[in-house]
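Okay, so chain A shows up in both of these, paired with chain B first and chain C after.
What follows is the complex of A and B.
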């Protein structure tokens, strides 16, 4: 144990132990989530086997029969088959679109707020950025339904399929406006303030000697940014992008509201309706209650487990680049 | 000359990048203002006394407002008491176990809220047999709030100048007394900021509540177990997909109320930060 400056009296010892016991709730909650979801999904893991990771289907089986099938010691309905691939593709594709838009956008915003903007508007800009990060995801979903979905349907999707139609996956247009592209756009909007606030702080820490030296050599502002400011922050940019990715992968309500909900079919074009792992847990639970064997509920827990693993991987990657990880981005809001 | 031409084209590139950063910033802020505009323009014509004194059974959202406040109050009580003292441990008694806990606080923040919700459903609703209940929902929200409260408390306590703490030790005060009487007072605005951010996050959550609190069209009976609770975010999510105009009005007024709460909490947090740094 660490040596104390003064010998620890009884009251202090009790205080330390009491706060330690409270602090232990954090790892306890963490392990409880992992253990209970794993335990609950065990029958599904045994029933679905490796097929869960190689197929795309969500079929409860025949609900109108008393017959059941037993696979690997687990009882399910005849014809039941569960595979996560469609949901995994929906999750990864929508997050990838979001990052492709959000990362360059965030760098531009960070450059603007850290360097270009007149001093008087910097504070309000940061406040607006915080506000955007703090808006509940159902509100994004509501805006998505009332504004973005009609906009994608009437303008963005037809425009894109006209201009980029020769590229596979980009042609064909949309009927409804609900789908992969809309999810990607709304996720991009949601993760941009998270990425840009982290990157902005790093830009502001660029040593001014380096920047001034480059300016003195006759570089333009953009050349200084391209050669010095951005490279100086490249690990932060990578870390912040991973933070944004972690958020996008697990985002539920906004994507649920604009995704269009297709569970088994892989998206054939960027306008196809999709579900992600997170949205499937919400939208499939009601129907899962109808499965008398409970297998549908266990399979949803298996989906939750995969989602947990994927977001954990993104957040671990973020930790490699940005010390403090996810919480840092929020804690720093009480710092500035 | 050649270099002259090079210089002017470089300046053109620089100017266009300047314009681009401004344009991109405006492009991202536009949806924010549009969101506020859409909510206000749809909610204001529907604002009526009935909205605030009737429940979702008829033409109001009273049960959702009361339910949201009930759930947030309940989860805040748990999350603040756990989070603040966890923060004390991390800041004052750090060491190897503290970095272990810090690591898990970060991991916990990254867990998708729907996974927390499904965990709550499995453990509280099914295994413990609480059914859809305020307590199941409050613990799910607590799990989401704790890391924020913990880390901001730790951060605020670390900012307490060592002179102040040493003065207290010199007067013979124990560490416990110093933290409780001296450091807390100094760090209070910082801790409060973290709490306000956590409250604002939990107020806006939907996914962890859908299968823990479920929804209830009547006023919550304030029982902790075996009674579902209605809340604002459910009204927004579920009612906007219904065909009736009244349901849409209820969804927009709920959004309006939620945004007012979130804005007030955000402004409160900023105000506290500003005051903290002045002192």
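What follows is the complex of A and C.
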């Protein structure tokens, strides 16, 4: 239908070519960025080797000397060592905490707004939810510093340490409000509107025949939601979670402001200060410029490459889930 | 389906409208409360929020200091004004970025300088000393500001780059035990070796016997078992440079293991928390009872307003000294003879009974070769003005800086004169 051979006049043709060229810029930019980051990080990949993924360290080396060292053909400062594992753990842990909180919350919000809420409540709720998703992250960060950090420091962290202290990773001292827990909380807040609005739309599409059928069989409202609505949107929930994960992994400003910044140490407890890959790139960039060999910059590019790969994986997973076959299979099965 | 969507939209936009109105009402109510004033409590919250953004803090600092100093220095202002004539021949726009410690001073200087050079426009930034050096080297700013001199590797990589002292600064070590704690008002004694052990995570609580041993018996008895949270800079900072220089000079183990530098990664990661800029350090400290932070002296007024205590530091002679102008001056005098013509010199841990141990030159980082005649003229005029007029007590008292001794000022002026196109 699209490829109908109708005679095209010159204007149409030019128009079509122009739009095609503009559209082509999307894959071109994508690959240009990928190739650039890869090329830029190549010296670091050679210098750091596999140790980049097994150590947790960020040391520019000795700047107060004219000496340099050469490793695998790449020049660096004496004592320079770079490892991403601490940043990787910080990124994955803070995002995991965010999803653990945000996914159940989002499902509850979506169930309420899609099914239970009366129209007067639903409309403003949905509008507010969309507004929340659009707030710039620096505002979340500022709120985090002024409200959330003191709250975590004075109440949440000591409380958790007291109640859950017997669980490894949850016990121990909680002297500061900056750290992994606060990052997880603020990220949860940021991704909840994204996840819940996607899930809500899917809930709203649940075939009413199925729900009515279940009600007719004597199911309670809760049973309908648990056995029909949620399973029907199972893949959308997974996909929306991946979408939220993609946002959480790359979130920079808010995490930078409440993370407490630890570039080379693994968190020993949930209250430990962390850096994520994104925040490390921001906060270590200006010191990286001091390295006359450029190795610090190349190593940051390598961090960017890892972040790119992880985020791409999360987004592709989201895509596969959201557009994926399972929902269709469910529908076709129920239609058959 | 489509029809339903349409109606949904219609209602949503009305609701969004309602929400917007609601937000405006809340903001207006908030503003009303803030203006009519719930007294002192409102003011303090405003200060602590403001400190998170560098620009606003400094405005707060300069306004508060100028009111306190203006009465005592009004005489010098009037004499100062009459001695200078307006120069409209030099016309250029200059960019400055770097040290957040020098930033408040730059703002004071520029406000006055521009009255006499109305056609020279200077924008300032406080992105940190590391940024000041790298941007000056790259030529993206005309003047980089740094608390640290150029390292050997930086000087080798950028042969045309000069570090020119504009004033003398110092750094205090602040601590905070939470609102209303009596210990905030006591000047605790610290040595480089104790600070080194706090910052590498060896000493973890305030009542550690090694800390107690440095205090008088009555103070030692008051030290709580609270955990110590060391706070260090997240950005590339001259404050980190001079602080770690002190630790390196006074503690062998620190010197061997970590060394000194502007990079945030010099200080062991994961021990405490990090913050951006001097104002960020103050904000982090205000929300971290049991915290300890190194902060540039130009933020001493803000630190005092926030109720933080500051330490007396042990100098090379073994005495615990206060961060007074006289003690800073003593340190400068002790090192005066060792300042070379390129002015790359450390004033850290100077000898002398009264020398304050963390003292440094505040440097302007500029390229020897300037891009144009007008920019050259403007840079030379501004730097000369900073070194001469800018070193008057009227400006320096407000940020607690100390004037360059005349020998050093002469070296700086010679360096300024050596700039060319």
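Just so we're on the same page, the second predicted complex is superposed on the first by the 319 of 336 C-alpha atoms of A that agree within 3 Å, B and C clash if a C-alpha of one lies under 4 Å from a C-alpha of the other, contacts with A are read in each partner's own complex, and residues count from 1 in each chain.
Convention: contacts are C-beta pairs under 8 Å (C-beta built on N, C-alpha and C of every residue); 3 or more make two chains touch, one makes a residue touch a chain.
Owing to the predicted nature of the structure, the values given are computational and were not obtained by experimental measurement.
In the superposition on chain A, A:322 contacts neither chain B nor chain C. Contacts of A:160 after superposition on the shared chain: neither chain B nor chain C is touched. By the touch criterion defined above, A:242 reaches neither chain B nor chain C.
Once the two complexes are overlaid on the shared chain, A:147 sits against chain B while remaining clear of chain C. In the superposed model, A:139 makes contact with chain B only, not with chain C.
In the superposition on chain A, A:179 makes contact with chain C only, while chain B stays out of contact range. Of the two partner chains, neither chain B nor chain C is touched by A:89. In the superposition on chain A, contact is made by A:264 with chain C only, not with chain B.
In the overlay built on the shared chain, the residue A:191 is in contact with neither chain B nor chain C.
Counted by residues of chain A touched, the larger count belongs to B, out of chain B and chain C. Applying the stated touch rule to the two superposed structures, the overlap between the chain B and chain C interfaces on chain A comprises residues 127-128, 131, 142, 145-146, 256-257. Chain B meets chain A in the complex at residues 10-11, 13-14, 17-18, 20-22, 24-25, 27-29, 31-32, 34-35, 38-39, 42, 81-82, 85-86, 88-90, 92-93, 95, 97-98, 100-101, 104-119, 121-123, 127, 143, 146-148, 150-152, 155-156, 169, 174-177, 179, 190, 193-194, 197, 200-201, 203-207, 210-211, 233, 236-237, 240-241, 251-252, 255, 258-259, 262-263, 266, 269-270, 273. In the complex of the two chains, the chain A residues touching chain B come out as 1-2, 5-6, 8-9, 11-12, 14-16, 18-20, 22-27, 29-30, 32-33, 36-37, 40, 105, 108-109, 111-113, 116-117, 125, 127-128, 130-132, 134-143, 145-147, 189, 192-193, 220-223, 225, 246, 249-253, 256-257, 278, 281-282, 285, 300-301, 304, 307-308, 311-312, 314-315, 319, 324-328, 330-331, 333-336. By the touch rule above, chain C contacts chain A in their complex via residues 8, 11-12, 15-16, 18-19, 48-49, 52, 127-128, 130-131, 133-134, 138, 151-154, 156-157, 226-229, 234-236, 259-265, 268-276, 283-284, 287-291. Those residues of chain A that touch chain C in the complex are listed here as 58-60, 62-66, 77, 86, 119, 123-124, 126-128, 131, 142, 145-146, 149-150, 153, 173, 175-179, 256-257, 260-268, 272-273, 283-284, 286-287, 289-290, 292.
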